[in-house]
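As written, the chain order gives the labels A, B, C and D, with residue 1 at the start of each chain.
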Amino acid sequence: MKDEFEPRIIGFLCNWCSYAGADLAGTSRLQYPPSLLPIRVMCSSRVDPLFVISAFLRGADAVLIAGCHPGDCHYQEGNYYARRRFACVRKVFETLGMESDRLRLSWISASEGPRFANVITEYTEKIKKLGPNPANKKIFL
Amino acid sequence: MEEKIGVYICECGPNIAENVDIDKVINVVSSLPSVGIVERHKLLCSEDGKKFLKQSIQEHGLTRLVIAACSPKQHEATFMKVCEEAGLNPHLFQLVNIREQCAWIIEDKERATDRATRYVRAALRRIPYHQPLEKREIDCNPDVLVIGGGITGIETSLLLAGPDRKVYLVEKTSFLGGKLREFEKLAPGMESTDKLLKHKIKNVEESENIKVFTNAEVKGVIGFLGNFIAVVKTGENEELEIKVGSVVVATGFDLFDPTKIPRYGYSKFDDVYTSLEFEKMNLNGKILLKNGQPPKSIAIIHCVGREERGYCSAVCCSYSLKFARYLKARFPDVKVSNLYTELSVPGKVYQKFYEETKAMGVDFIRAREIEIKEKVIKYLTEDEKEQNLAVDMVILTPAIQPSSDASKLAEMLKISQDEKGFFAEEHEKLGPVSTSMEGIFIAGCAQGPRNIADSIIQAEAVAGKILSSIIPGKKLEPEARTSEISEALCIGCQTCLEVCAYGAIYFDEIKRVSVVNEILCRGCGNCAASCPSGAASLKHFTATQIHQEVVEALR
Amino acid sequence: MANILKISKNAEEGLRELLRFLLEKKRVKAVFTLRKINENSAVSYSLITDSEMLKDALPLFPLMPQNAGKLLSRLTLKEHLLEPTAAVVRPCELRAFIELVKRKQGSLDNFIFISTTCPGTYPLELSTNGDIWKKLPEYEMCVKEGDIVPDIRPVCQACEHFIPYSADMTIALIGKKDVDKSCEIFLNTEKAEKLIEGMDGELSEGELETKEIKKLHSKRQEKKKELFKEINVESLGLSGLIETFGRCIGCHGCGRVCPICYCVLCDFDSRDYECEPSTYESELKKRGGMRVPPNTVLYQLGRLTHVSVSCVGCGMCTDVCPADIPISTIFLKVGEEVQNLFNYIPGKSVEEAIPLTKYEKEEFAEVED
Amino acid sequence: MKGARVAVKDSIEKTVLNILSKAIDKKLFDVILIPIMVPAGDSYAWVLAQDKSLLDSASSLPPIMSVQGAKALSSVTRMGKTNKKIAALMRPCEIRAVIELSKLSQIELDNIFLISMDCPGVLPLKDWLKDPTKGINSFRKVIQRFVDGDPEPDQSVRPVCTICHRFYDSSAVDLHIGILGKKGEYIFFIPHTTQAETIFAELGLSFKDDISHWQNGVDEVLKQRKKKRSLVQEELKPEVIGLDKLLDTFSNCINCHICQSVCPICYCRQCYFDSDKVKQPPDDYLMRAESKGNISLPPDKILFHLGRMSHMALSCVGCGACEDACPMSIKVAQIFSLIADRSQELFNYIPGESLEEPLPLRVFEEDELHEVETP
């Protein structure tokens, strides 16, 4: 039990949709793996690509950005910008042959408690297969 | 000053206590730097709990506060209020969610406890970087600027105007009433328009709380909810500065220009008219052909420009029925044929109105590829048969489209337009008459095609919004967790300005730096993430605070 | 068909002639170009107002002491030019400047841009030991033949954007057998045509994009493939990055010379990236050791995310790197990939908004779920 | 002064590292800050080494100075004192920079134990990168030649190292390791603090041995270095004295400011010369151009270098990082050494020599420097 690899996923959750979605998952007592380390931001557009990169280099096994579905952003269009920035940073990872699967963008609304639980469960499984983030042990970062 | 952080862990009855070993958490946390006191409580959000919190903050002279309890969406506000009462700046507080996102989702108590500890540590790592944020209050001007003197604008003005709320009604033409003035009767009741309009206009003109400007134009609007300054160019060509707290855009619509579709023969053949031209003819009692003779057979062409514009204008069918009634009333034997692609008579009354009209011998033909020639209409029937219909007058019902000056106005007010060019509501359901700019509202056909009844409903909706949100003497409390831009670090690339949805960032040409208007800013943080040099940051969600949180969570 | 002004002097002389004409006829207030500034034959960009000084001008000298885009931005950051100024710049420098203008870091007003079909430039070190002067004959030969010049900087050898996008005048060099006898100036704008009115030389018509140009283009594409193969960017992975950037000395010189890095203070030099002792302690607990100063890889990745969308592949970063890291190759590759996402060519047109300042409602379904 | 004479096993490097790893075993230090070869094997990076296994690829005297050690240490302690007990093994010029930076509050020395070693100099970064393996071998020779006491420095090291006259210990160091004087058979551990004595006593070192061999060794080399230093500086003068000369010398400068960013003493978060303050509207540049017919861009290259000199000359430790990193191979360090020596003499201040001595420009004496006054 103890020595089984338990991924650590940094999750930037937008206050209005995804964070509320996570709360709903909780109030509905849905069980999902304790792999998520939620960081509350007001909008997915607050997530500076550098947050993602430094979380990754600090050894996060994965980084999740979750926000309102397109069109539903509490701030009208924030998530569209978030998506562009994410596309950008992910392309950087891909092009450099780094595991871009460790970065994920998901739209989860306040009413999608079950979806939230699924996303975390399913993503955790995926990361388990990938194994720990090598950056964790690197010294010359 | 010596920092002293207080950590309070809520048992939330059994909710947290049962699944998290709170004592264990307390154990770990107590040893952490500058943690002054760590305590648990049965139910912090209860009256007793709040009292206990307030006392502890004061007795221990806490400088920062971390509470591990339920979701911030539940009780952040509650506890911030307690901080305030206790004389601690409410932003020097962090609420850790160990219920919804911990106790309730993890069965294994050991794991849940470990998670809870982690969360609390992360908060403790973050809290030293919290800054006290000041609570600001601004006066809020109750007066209203209504742009557009049509039925919607009139209705809004009448509802809003009162002894403690002035309304400024700006109309670009020389008279109030808009397009409605030309309508003799209204569908489906066929009551005379005067009944509705005349006395409303009279009331407006007589009200000392409504100032009407005709032949006037809004030249510019700056400011924000509660504090707009509008420049109005009056009929006398003088420019007035008007201070208002909110703006209502009720600028109505224009008709689609039928000459864009040559096959309708508009302005090519005689006796082809648009609906508005026909209303006028009817109002003046002169429905006559070019040659002075009364018409014997008339075709009303529906859905003109429906395909081109890409939406149904919702009103054409019903007023076409009204037109048929006009005609039948004047020339009992006249032959009226409606050529439509889709017939739309929704709602509880129009179906009946339609059936009665049909019963009067008015034809309804589903037709495609309509082509108007001299005194004859070619079209394809539903079963692809080519037909010719001889008529001596044609009435086109062109689509309703945004008024020509919509874009100019949208730009001036910094509100957005939808892909069709109508003013865009904040949210179809959550904010149907609000816009991207707080304090600016839209009603009537300016927002999209709708009939008079619906326009009036929107007018009332807007009035309701304003009356309930901008009560005279009210102070506004703008968001404290706004963005800020470091003058020292800003290089003036204005990326932030481009991505801001609220026009909350302006550029200081002299200093060559971007500046946040903290009252317009809603605190999304988009600008902060878009700034390469870290000059823009979001209070309470600064790069450092988030970074610290992440680092500790990963420890 | 573009208008051509032909001057029967070698390309550089002809260009000098043109610049002299513009200055003397007061068509321009000043000329921005490379110039030999002393007997040690050091070459630097200069702003020249006195036509006499043009004798030392080396407008076509195959060296990029700095990306001119950065300099033009420095020149027009506070205010736009009030009087016309001719700037002789390379295509990538012009593109860099346009990217900067999009970021309000300068203004195009009153600039007349004179560029060339660019054969590329030599590494800086060749100018420090003087070898560059010995190489000029070989350079000219390759230019005539439309070949890739040996020993020019790798990114130049792999550069596909060697025809300027928005220059008023373009000096045709590549594949011109007679660059040593005649100077062909393509007049791309009316502004350009007006400016040269009254200048002697014959007007003719012709195509800038000759078959030699197309040939070179495909050669360069080939070269680029090889270059990318050498470094094998796509298969670097984290370990590869650590190996490649392991010898980085953290001088951030790459950022300082990068035309797209326009921040007052680089975020990575800011307080935000300082580590508290406690951070070191937790990192040590995790790793048993830690490189200091930290953030070597973070800096490079971070700069990539900031720059890639606008990287014009000018190669300055590699050229100044004291640790000889092939930064520019990596940035070129990543830049291309990111730019393809938005099919955006940085610096092609000033009208095109920077992709990250706008969005489409329907896009990138592949990155979301 | 006494020290501990330690017999060299295998190599000086091994001997030193051996003792340090023992120190870790015995928990005398938690962490060693030391240059360690990077995975690609083409450079050395400063590493806070907690696992002593890391010391296997460490080097007590690496062939290059990729990053000035003081910069590494300040990145660890600028935000506050560390709770780990860190031993930092550095070259004398790095130690001196550390001392200067601690005076400037960029380094917090609590819990930091400073160890220095006699330094034969380092290879130029550019040469090294051409062939690291070759570099390692040629540097072995450099060390050998140095400890053999040949006063003539090996020409493969950086020019500025060949004129270094501070290659031995600063009195501000906790422990110095003398490798001169005994041809590499023995090295000397020379404590400067009681802390040093107690710690290394734990490792069985007793500081009773006579160290005159080492002292003589140092004096020998020092004599020659001083000679060479003044010689080189004299040769240099004609190149730099006078504005025109100075302009010529820096004419190749491309304003990358890398010299400043690698300089341990240039500790500003943002260099004044990169700030907005130096950026002017176009007509300012045009005006200056018109007055001379032209202006080379960027302007103010010399202003930058003179400005930097005036900021750091008094604390310049002559480590040569600037020259090593200059993409245009300008003799920055050698030129600076000229200015640094003169200005340091003025206050007879030796940067990094002692923690107690205040930075000259932070204090004054009422009765001094009359030579600069015009009566």
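Just so we're on the same page, a contact is a pair of C-beta atoms (placed from the backbone, for glycine too) under 8 Å apart; a residue touches a chain by one contact, two chains touch by 3 or more.
Here the structure is a predicted model, which is why all the values come from computation and not from measurement.
Peer 1: Using the touch rule from the top, work out which pair, C-D or A-D, shares more C-beta pairs.
Peer 2: By number of C-beta pairs in contact, C-D is the larger.
Peer 1: Compute the distance, rounded to whole Å, between the mean C-alpha positions of subunit C and subunit D.
Peer 2: 36
Peer 1: Measure off the straight-line distance from the CA centroid of subunit B to the CA centroid of subunit D, and report it in whole Å.
Peer 2: Chain centroid spacing, subunit B to subunit D, equals 64 Å.
Peer 1: Taking the mean of the C-alpha atoms as each chain's centre, how many Å separate subunit A from subunit D?
Peer 2: That pair's centroid distance is 45 Å.
Peer 1: Averaging only over C-alpha atoms, locate the centres of subunit B and subunit C and give their separation in whole Å.
Peer 2: Centres of subunit B and subunit C (C-alpha means) sit 46 Å apart.
Peer 1: Which residues belonging to subunit C are in contact with no fewer than two other chains?
Peer 2: Residues 78, 239, 242, 246, 264-265, 267, 270-271, 286, 288-291, 294, 296, 356 of subunit C touch two or more partner chains.
Peer 1: Quick check: what residues of subunit B touch more than one other chain, meaning two or more?
Peer 2: Subunit B, residues with two or more chain partners: 491, 499, 530, 543, 547, 551.
Peer 1: What residues in subunit D touch two or more of the other chains?
Peer 2: Only 38-39, 45, 47, 54, 276 qualify.
Peer 1: Tell me the shape of the graph of touching chains, choosing from line, ring, star, complete and other.
Peer 2: Here the contact pattern is something else, fitting no line, ring, star or complete shape.
Peer 1: Could you list each pair of chains that touch, in label order?
Peer 2: Inter-chain contacts occur between A-B, A-C, A-D, B-C, C-D.
Peer 1: Which positions of subunit D touch subunit A when the two form their complex?
Peer 2: Result: residues 38-39, 45, 47, 54 of subunit D touch subunit A.
Peer 1: What part of subunit A is in contact with subunit B in the complex they form?
Peer 2: Where subunit A meets subunit B, its residues are 8, 10, 15, 19-20, 22-23, 25-27, 29-32, 34, 36-43, 45-51, 54-55, 58-60, 74-78, 81-82, 85, 117.
Peer 1: In the complex, go through subunit C and note every residue touching subunit D.
Peer 2: Listed in rising order, the residues are 29-30, 32, 35, 37-40, 42, 44-50, 52-53, 65-66, 71, 74-82, 124-125, 127-129, 239, 242-244, 246-247, 249-253, 256-257, 264-265, 269-271, 274-277, 280-281, 284, 288-294, 296, 319-324.
Peer 1: Taking the complex as given, what residues does subunit A use to touch subunit C?
Peer 2: 49-50, 53-54, 57, 59, 70-71, 77, 80-81, 83-92, 94-99, 104-107, 134-141
Peer 1: What residues of subunit B sit close enough to touch subunit A in their complex?
Peer 2: Its residues touching subunit A are 71-74, 97, 99-102, 104-108, 111-112, 114-115, 118-119, 122, 416, 426, 436, 481, 499, 501, 522-526, 528-530, 538, 541, 543, 546-547, 549-551, 553-554.
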